[in-house]
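First, the structure itself, so that you have it in front of you.
The chains carry the letters A, B, C, D, E and F, assigned in the order they are written, with residues numbered from 1 in each.
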Amino acid sequence: MPRYVPANSLESPRFTGVRTFMRLPFAQTTADVDFAVVGLPFDTGATWRVGTRFGPEAIRSMSAMLRPYHFAHDVNLFDHLSGVDYGDAAVVPGFIEHSYEKIEAFLQPLHEAGVTPVALGGDHSIVLAELRAAARKHGPLGLAQFDAHGDVWDQYFGHKYTHGTPIRRAMEEGLLDGSRVIQVGMRGPLYEPHDIQQARDFGFEVILADDARALGTAQVVEHIRRKVGGGAAFLSFDIDFFDPAYAPGTGTPEVGGFSGADGQQLLRGLTGINFVAFDVVEVLPAYDGPGQITALLGANMAWEMIALLAWRRKPHPRPLSSG
Amino acid sequence: MPRYVPANSLESPRFTGVRTFMRLPFAQTTADVDFAVVGLPFDTGATWRVGTRFGPEAIRSMSAMLRPYHFAHDVNLFDHLSGVDYGDAAVVPGFIEHSYEKIEAFLQPLHEAGVTPVALGGDHSIVLAELRAAARKHGPLGLAQFDAHGDVWDQYFGHKYTHGTPIRRAMEEGLLDGSRVIQVGMRGPLYEPHDIQQARDFGFEVILADDARALGTAQVVEHIRRKVGGGAAFLSFDIDFFDPAYAPGTGTPEVGGFSGADGQQLLRGLTGINFVAFDVVEVLPAYDGPGQITALLGANMAWEMIALLAWRRKPHPRPLSSG
Amino acid sequence: MPRYVPANSLESPRFTGVRTFMRLPFAQTTADVDFAVVGLPFDTGATWRVGTRFGPEAIRSMSAMLRPYHFAHDVNLFDHLSGVDYGDAAVVPGFIEHSYEKIEAFLQPLHEAGVTPVALGGDHSIVLAELRAAARKHGPLGLAQFDAHGDVWDQYFGHKYTHGTPIRRAMEEGLLDGSRVIQVGMRGPLYEPHDIQQARDFGFEVILADDARALGTAQVVEHIRRKVGGGAAFLSFDIDFFDPAYAPGTGTPEVGGFSGADGQQLLRGLTGINFVAFDVVEVLPAYDGPGQITALLGANMAWEMIALLAWRRKPHPRPLSSG
Amino acid sequence: MPRYVPANSLESPRFTGVRTFMRLPFAQTTADVDFAVVGLPFDTGATWRVGTRFGPEAIRSMSAMLRPYHFAHDVNLFDHLSGVDYGDAAVVPGFIEHSYEKIEAFLQPLHEAGVTPVALGGDHSIVLAELRAAARKHGPLGLAQFDAHGDVWDQYFGHKYTHGTPIRRAMEEGLLDGSRVIQVGMRGPLYEPHDIQQARDFGFEVILADDARALGTAQVVEHIRRKVGGGAAFLSFDIDFFDPAYAPGTGTPEVGGFSGADGQQLLRGLTGINFVAFDVVEVLPAYDGPGQITALLGANMAWEMIALLAWRRKPHPRPLSSG
Amino acid sequence: MPRYVPANSLESPRFTGVRTFMRLPFAQTTADVDFAVVGLPFDTGATWRVGTRFGPEAIRSMSAMLRPYHFAHDVNLFDHLSGVDYGDAAVVPGFIEHSYEKIEAFLQPLHEAGVTPVALGGDHSIVLAELRAAARKHGPLGLAQFDAHGDVWDQYFGHKYTHGTPIRRAMEEGLLDGSRVIQVGMRGPLYEPHDIQQARDFGFEVILADDARALGTAQVVEHIRRKVGGGAAFLSFDIDFFDPAYAPGTGTPEVGGFSGADGQQLLRGLTGINFVAFDVVEVLPAYDGPGQITALLGANMAWEMIALLAWRRKPHPRPLSSG
Amino acid sequence: MPRYVPANSLESPRFTGVRTFMRLPFAQTTADVDFAVVGLPFDTGATWRVGTRFGPEAIRSMSAMLRPYHFAHDVNLFDHLSGVDYGDAAVVPGFIEHSYEKIEAFLQPLHEAGVTPVALGGDHSIVLAELRAAARKHGPLGLAQFDAHGDVWDQYFGHKYTHGTPIRRAMEEGLLDGSRVIQVGMRGPLYEPHDIQQARDFGFEVILADDARALGTAQVVEHIRRKVGGGAAFLSFDIDFFDPAYAPGTGTPEVGGFSGADGQQLLRGLTGINFVAFDVVEVLPAYDGPGQITALLGANMAWEMIALLAWRRKPHPRPLSSG
C-alpha cells in the first residue's frame, strides 16, 4: 500500500485544505516516494508576457479536481504509486543562472533517490536546469517536447539564457541525445526558417502543427515512440502546444494549436517509454480568465504523466498502441 | 397563430426590455401555451464550484440573440409553437429536499396542462425533481443525458442528494426506464471504475467521450434514437458535456469534451423523439468570462430543444438522419 | 523562540511553496502553538451570491504578502507567537447542521489547548459553530462584530440556519452575553426597521455606518472597548463591512461602507481586549477581480488580529488609545 | 395598500425570477402607479467607451439586492408608493434623433398620468429627450445634476447631439430654467476653461469636485436646495460623479471623484424638492468587473430617488437638514 | 530592400514602443509603400454588443507577437514588401454616413497610389465605405467574405446603414460583381430563410457553416478560388466566422463556428487571387477576456493577408493547392 | 507656439490613432521639445507580481482621455509646452544591469538637451537608472517619493538590484542628496523596523501613511516643499501609494493607502519646485480589471507632472499654497 496518497475527497470536500497538487501530502522527503510534484516558479526568462511564477499555484488549485482512477489505462494511480507535493525550488527572480543552480540542487536528490519529478513551471527556460539534474544521473536523454516553439534560439540580446534558448543550450551541454529528440506542434510566425532547420540539424525530428494535424494523433504517437526509443527520456509539455482557445493563460500563445483531447490522446499513447522526468510549463494564470481552464488543462497533463508511471507498474502492461 | 411569441426585434432592439428567455412574454399561465421556459436556480447540490443560481439569468440574457428561424430544420419556431417565460421556481437555497418539493410543485401544473417545460439550471441535482414531476404524468421515462459525469453516485458524505447522485435516485424511485436511458460524454478522472459500471448495471447505454469521438456525431445520434425509442423521454443537457474551451462557465469542467457544433449536430439529430421535458444545467456565469460564451451556448442548446418541438408540429416531417 | 514561524522570504521568494496562511507551517498540532489559522470553507448559508468556500484559498494566497513586523504596534508578531496553518474543517457542502458539527469538533481541541483560532470563512453562518466551540470553553462571550448586516433574522423560508441568522441563534443558545455585544457598520436597505431593533433588544450596542462615520474611528474604538469590557470575547469581521470599492469580492456588498484604513485603525485600537477567537468571513473570490483586493484586505484583517495577540505578549504594553 | 410592490424575498429568493428593477412587477400601465422605472438603453451618443445599452440590464440585475425599508428616512418605500418596471424605450441604435423621438413618446404618457419616471441609462445624451417629455408637462424645469462633466458643449464634429451636449441643447430649447440649475462634481482635464464658464453664463451654479469636497456634503445639500427651489425639477445622476474606484464601469471615468457614501448623503438631503423625474445614467457593465459594483451603486442611487418620493408621501415630514 | 519594415525584435523587445501594427513604422505616406494597415474604429452600426472602436488598438497590441517569416508560404514578408501603419480614419462616432465619407476619403489615396489597404475594424458596416473606395479605382469587385452572417438585410428600424446591411447596399451601388461573390460560414438562428436566399438571388455563392465543415477546408478553398476568379477582389473577414471559443471578443458571436486553424488554412489557400483590399472586422476587446485571444486571432488573419501579398511577389510562385 | 502638441480630439475622436501618450506626436527628437514622455517597460526587478512591462502601453491607452486645460492651475499645458512621446528604452528583460545601461543611455540625450523626461514604468528598480542619467547632468538630486515602500533594502537573495533596493543604491552612488529626500506613504507589514530607520539614517524625511492622513494633504505639501527645497529634484510616483481600491493594478498593493483625489492635491501643491525628471511606476495592467482604473490614475499623475512644468512657464506664477 503506497505511503503517500491524496486526501480522500469523500471524507473532506475537494475545496478544503491547503492547496497541494491533487491533495497529496506536502512532504520534502524521498523515502517511500515514487514521484514528487515540484513547483519551479521562475519566469525571468520570458520575452513577452510574464507571470508564470504563479503557474504552480494555479495548477495546484485546479488539481483538486483530479480523481485517482484513469479509465483509459484502467488503473488507479495510487494502487501503484506513492507521491508527494515536494514544494517549490527557491528560485531567485531576476537572476536566471542563480536560479538554475537552485533548481538543479533542488531536483538532484530526487533523481538520486529514484523519485520521478513532475515539475510545474515557470517559463520554459527552467527545462535547462531540469535536464542538467536528470542527465547527471541518467546521461544524455531522449526528449519528447510538446510546444508551439522549438526553443532552440542561440541568444536574445546577447544573453544565452531565456525561454527561447534552453534546448540549444542543452545540446551544447551534452544533456540531450539529439537522435532521440522529437518536437511536436511548432507553428506561428517565425523570425526566419532557420528556427526549424536548426533543430533538424541537431538530429531532432520536428513535426509542425499542420503536419501533426494531417498525420493524426495515432500516427504522431508512433513517431514519438520510434524516435524516443527505449532509453531514459524527458517529457516536456509547454502549455502553448494547445490552441489559445484551450489555453489562453500562457505567455506566447500561437493560433492554430491543438485541443485538450489531442493532448490527452498523445500522452496516453506514450505508455512504456522510460521517462525519468516530466514537466508542464508556461501556465500563466493572470491571462487565464475566471474559469482558469489553462491551469485545469495543465493539471490534467501532469495527471496523464503520473498515469504513465502508474501504467508501467501495473501488472501485465501491454502498449496501448498495439492493443 | 400562436398566442405567445417573442418580441419583434425589428420593432425594438434585442437589447431592450426585461430579460426573458428569447424575449418571450413573461406569463405564468398554461393556456394556449406549448412550451414554458422555467428557471430552476438551485445550486446547493454542487460539490466544487458553486453559483449556478445565476445560470437562468445569464442564459436569459444571452438568449436575446436567438432568432426564430431554424435553417437546418427549415422551420420558424413560432409558426407552430406558443411559448412563455414562466419564471423561476422558488427554490430554498441551502435546503435540497425542500427545494425538490418546490420544484416539483412548480412543474407539475405544466405537465398536467400538456405544456413542455424547458428548464434552465441550476446544478444537476435538480433533475431528480424534474423527473418526479414528469414521471408522475408520464410514468417511467427514457432519458438522453449529455454530460461529462454520469451522476450515479450513491451518496456524498452520507447524504443522498447532491449533483452527483440524482440519476441513481431516479432509478431507485422508478422514475426512469433504465432500458431507455443513454448517457453520452463521460470522461475525466474518476474515483473508481465502478462509476461507469454502475450505470451499465442499471441497463443504461454509456458512450464515453473518447468513444463518441470515434463514432462520430451521426453514429451517436443513431445510438440515442435506438436506445430512447418511441416512449416519453427526458432530454437533460449538462453544459459540462462541452470542452472547457467552449464552456468555461461551469462547476466541474472536464478536459477533452465536445465543441458547440457537436452539440448542435447531436440535438438536431433527435427529431421525432417524444421528449416531454428538457433541461440545460450547470451554467455558472461567475466563471464564464466577459464574453459569456457558456451562457450563449446554453441558450442555443435550449433553442435546439424548442426547435425539436417545432419540428414535430411542422407538416410532413421526415427524420433528418434518413434524409 | 517560537516554534512555528513563517518561511523566511529572504531565503525563498514569497511566491514559492504551497499556499499556507502567511507562509506558516501547515501542522495540525496544538503543542507549542499560540494561534492557529483555520479555514471554514462553508457557504451553503448564503442567500444571494455564493462561493465563499474558496475564500480561505484566496486569503491564503494573498497572505504571502504579509511580513512579520507591525509598525503601529512596534512588534514583530513572531517574537512572541508561535502559529500554524491548521488546515480546514471538513465541512459538508449543502448541509448546514452537519457542517456545524464538523466545525465545532474541529475547533474544540484548539480551545481546549489554549490555542487561539483565527478562522477564515466561509459565509457568516459559520460563526454559530465557532461560538459554540468558544463558549463551551469560555462561557457566554462578548462580541465585537464588524459587518454591514446584523445577522439577527429569525429564519429564512422557515429554516433557522443561514448567514442572516447566526447571531440570533447564538443568543438563544446562550453563547453570547448580550450586554457585551457590539455591532458596527450596519447599513443598506432593510426588510424592516425591526432588523436593527431586534439587536438592541438583545442588549447589543449597534453603531450604524453613518453614525460610525460621524463618530470617527477613535470614538468607535472607545465604544467597542467599553462595551466588550474585560471578559472573554470574540471578534468577527465580515468583509462586507468595507465599501464595495474596497471589497467587491463578497456575497452581499452594501454601498456606503468603510475604507481599508478605517478597518486597520479600528482593529489596531482593540489592544488588550481578551479575544479568545477571531474570524474574517464572506470573502468571495469569484467576484473579486484580477487584483484580488478583497482577499488581500481579508488577509490584512487577519494579520491585525494576530498582531493583537502579539501586542498582549510583548513587554509593558500600554493601550494605544491613551498614548 | 399600493397595488404594485416588489416580490417578497422571504417567499422567493432574490435570485429567482425575471430581472425587473427591485423585483417590481413588469407592467406597462399607468393606473394605480406612482413611479415607473424605465430603461433607456441608448448609447450612440458616447464619445469614448461605449456600451451603456446594457446599463439597464445590469442595474436591474443588482437591484434585486434592494430591500424596501429606508432607515435614514424611516420609511418603507411601499407603504406609500406603487411602482412598476415599465420596460425599455425602443431606441434606435445608431440614430440619435430618431431615438429621441422614441424616448420622448415613451415617457410622455407617464408624465401625463402623473407617474414619476425613474430612468436608467444609457449615455447622458438621453437626458435631452427626458427633459423634453418632462417640460412639455411641467414647463421649464429646475435641475440637480451630479456629474463629472457639465455636458454643455456646443457640438462634436459638427453634430449637435452627443453625450457632451444635451444640457446646452436643453437650454436652447427652453426646457430648463437656468436660474434653478445646479451642477455638482465637475472635474478632470478640460478642453478649455470655457467648459465651466459656459454653464455659469447660463445662470447655473457649478460646484467643482474640489469645491464640493471643501464644502462637505451638508453644505452642498444646502446649495442644491437653495438653487433648485420649490418648482418642478429634474434630478440627473451621471454615475461618473463617483470616483473610478467606486464606479469603474462607466464611459468617461474621471479621477478625483466621490464615494458611494457621499452620493447617499447628498441624495438623502434632497427631501421635499419637487422632483418630477429622475435618471441614473452612464453605467457601462462591460468595464465594471465581476463584482458589478457600479451597477450596484447605480441601483442604490435609483433607490434613494424612489425613497425621496416615499418621504414626500409619509405623514408629517420634516426636512432632514433641519432635524 | 523595402523601405518600411517592422522594428527588429532582436534589438528592442516586442513589448517596447508605441503600438503600431506588427511594429511597423507609423507613417501617413504612400511613397515606397506596398501595403498600409489602417484602423477604421467605427462601431455605430452595431445592433447588439458595441465597442469595436477599440478593435484596432487591441489588434495592434497583440500584433507585436507577429514575426516576419511565413513557414507555409516559405516567405519572409519583408523581403518583398514595404508596409506602414497608416493610422486611423477620423470616423465620427454616432454618424454613419458622415463616417462613410471620412473612411472613403481616407482610403482613396491609398488605392490611387497602388497601396493595398489592410483595414482593421470597427463593425462590419464599414465595408461599404471600403468597397466604395476600392471600386472607384477598380470597378465592381469580387468578394470573399468569411462571416457568420451574410449582412444582406435591407434595413433596420427603417434605416439603411447598419452592420447587417452593407453587402446589400454594395450590390445596389454596383460596387460588387455578384457573380464573383462568395460568402462562407453563415450559421445561427435567422429571422427568416430569406436571409440566405437574398444573397443567392444576388448571384452569390453561400457556403453555410455546416456545409463548409462537410466539404473540408481544401474544398472550400477551391470553391472560393473558382468563384472569385482572376479579377480585382476584396477579402473581408468578420471575426465572428470563428466559434465563440476561439473568438469570444466580438459583437454577435454565433455557436458552431470555426477554429483558428481553419481560418489559417482557408486564407493560405487563396494565393494568387488579385485582392486589392482586405479587412478584419468586429473584434470587440471588452468581451475578449484577459488573454485577448480574439485580438490575437484577428492580428494573425491580417498577417495571413499580408502574406498573400508577399507570396505574389516572391519569385516563381506556384499555387499552394496544386503543389 | 509649441511645435509638438496633441492631436485635436475635436478633429479626430480620442479613440482613433496609434496610442501615444495623450495623443502627442511620436518623435525621437529633442529639438523644440520641452518634455518627453518615455516608456521604461522593465519588470525584472519585481519580487511578487510581475508584468509592468505592459504598464507604458496601458497608461498610453488611457491617456487619450486627457485634455489640455488644467483648471486648478488655470493653464493650458500646450500654451507653454512642446512635448513628444519619445517611445521606449530598449530594455533587456531578465537582465537588470544591462537594462540600466540601456535606460541611462536612452535618457541621457534628453537631459543634455534640457528636455524633461516623464517616464512611465516598469517596476521601481528603474529609478536607479533614471537617477544616474539625471544626476550626471544635475549632480545629487532632491527627491519627492510617493510610495507604499521605501525601497531602501540592501539586497535580495544576495543581489543588489531589485525593485526594493534602488533608493539605497542611489545613495551609495551619490545620486541623491539625502537631506533633500522625502518619502511619503509608507505602510504595510514590514520585515523589520529597520526598513524605515534606514531611510531616516540617510537623512530622509519619511512620512508614514497614517501620519500623512493625520497631517492632511496641505501639511504634507508643506513638508515636501520645505524638504526638497530649491535645487534640482526628482519626482517619483509609485502607483502603490494609492489604496488598492484606487489602484488594484500594481505589483505589491498595500492596504490603507490614499485616494486619487489625495494624489491630485499633493501633486498640485508642488508648483515651483525644480523638478528635472518625473516618473510613474508599477502600473501592472494584468491585475487592473476591465475598467483599467490604475492606468487611468497613472496617466492622470503624469498629466499633473506635466502641468507642473506648464505652471512654471506661465506668466506671473504665484505658489498655490500661498494664494
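Operating definition for what follows: a residue touches a chain if its C-beta (ideal position, glycine included) is under 8 Å from a C-beta of that chain, and two chains touch if they have at least 3 such contacts.
These numbers were taken from a predicted model, which means no experiment stands behind them.
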Touching both chain A and chain F (chains): C, E
Farthest chain (mean CA position) relative to chain F: B
Distance from the mean Cα position of chain E to that of chain A, given in whole angstrom: 38
Separation of mean Cα positions, chain E and chain C [Å, integer]: 55
Chain C: positions in contact with at least two other chains: 13, 15, 47, 53-54, 92-93, 157, 243, 245, 286-287, 289-290
Topology of the chain contact graph, where touching chains are joined (line, ring, star, complete, other): other
Chain pairs that touch, as defined at the top of this document: A-B, A-C, A-E, A-F, B-C, B-D, B-E, C-D, C-F, D-E, D-F, E-F
Complex interface listing, chain C residues touching chain F: 9-10, 13-15, 64-72, 74, 76, 243, 245-246, 259-261, 263-265, 289-293, 296-297, 300, 303
For the chain E and chain F complex, residues of the former touching the latter: 11-13, 15-20, 26, 39, 41, 53-54, 57, 60-61, 85, 87-93, 286, 290
Chain A contact footprint on chain B (complex, rising order): 47-48, 156-157, 187-193, 195-196, 208-210, 213, 243-245, 248-249, 252-253, 255-257, 286-289
Chain B-facing residues of chain C, complex: 43-47, 49-51, 53-54, 92-96, 98, 157-159, 161-162, 286-287
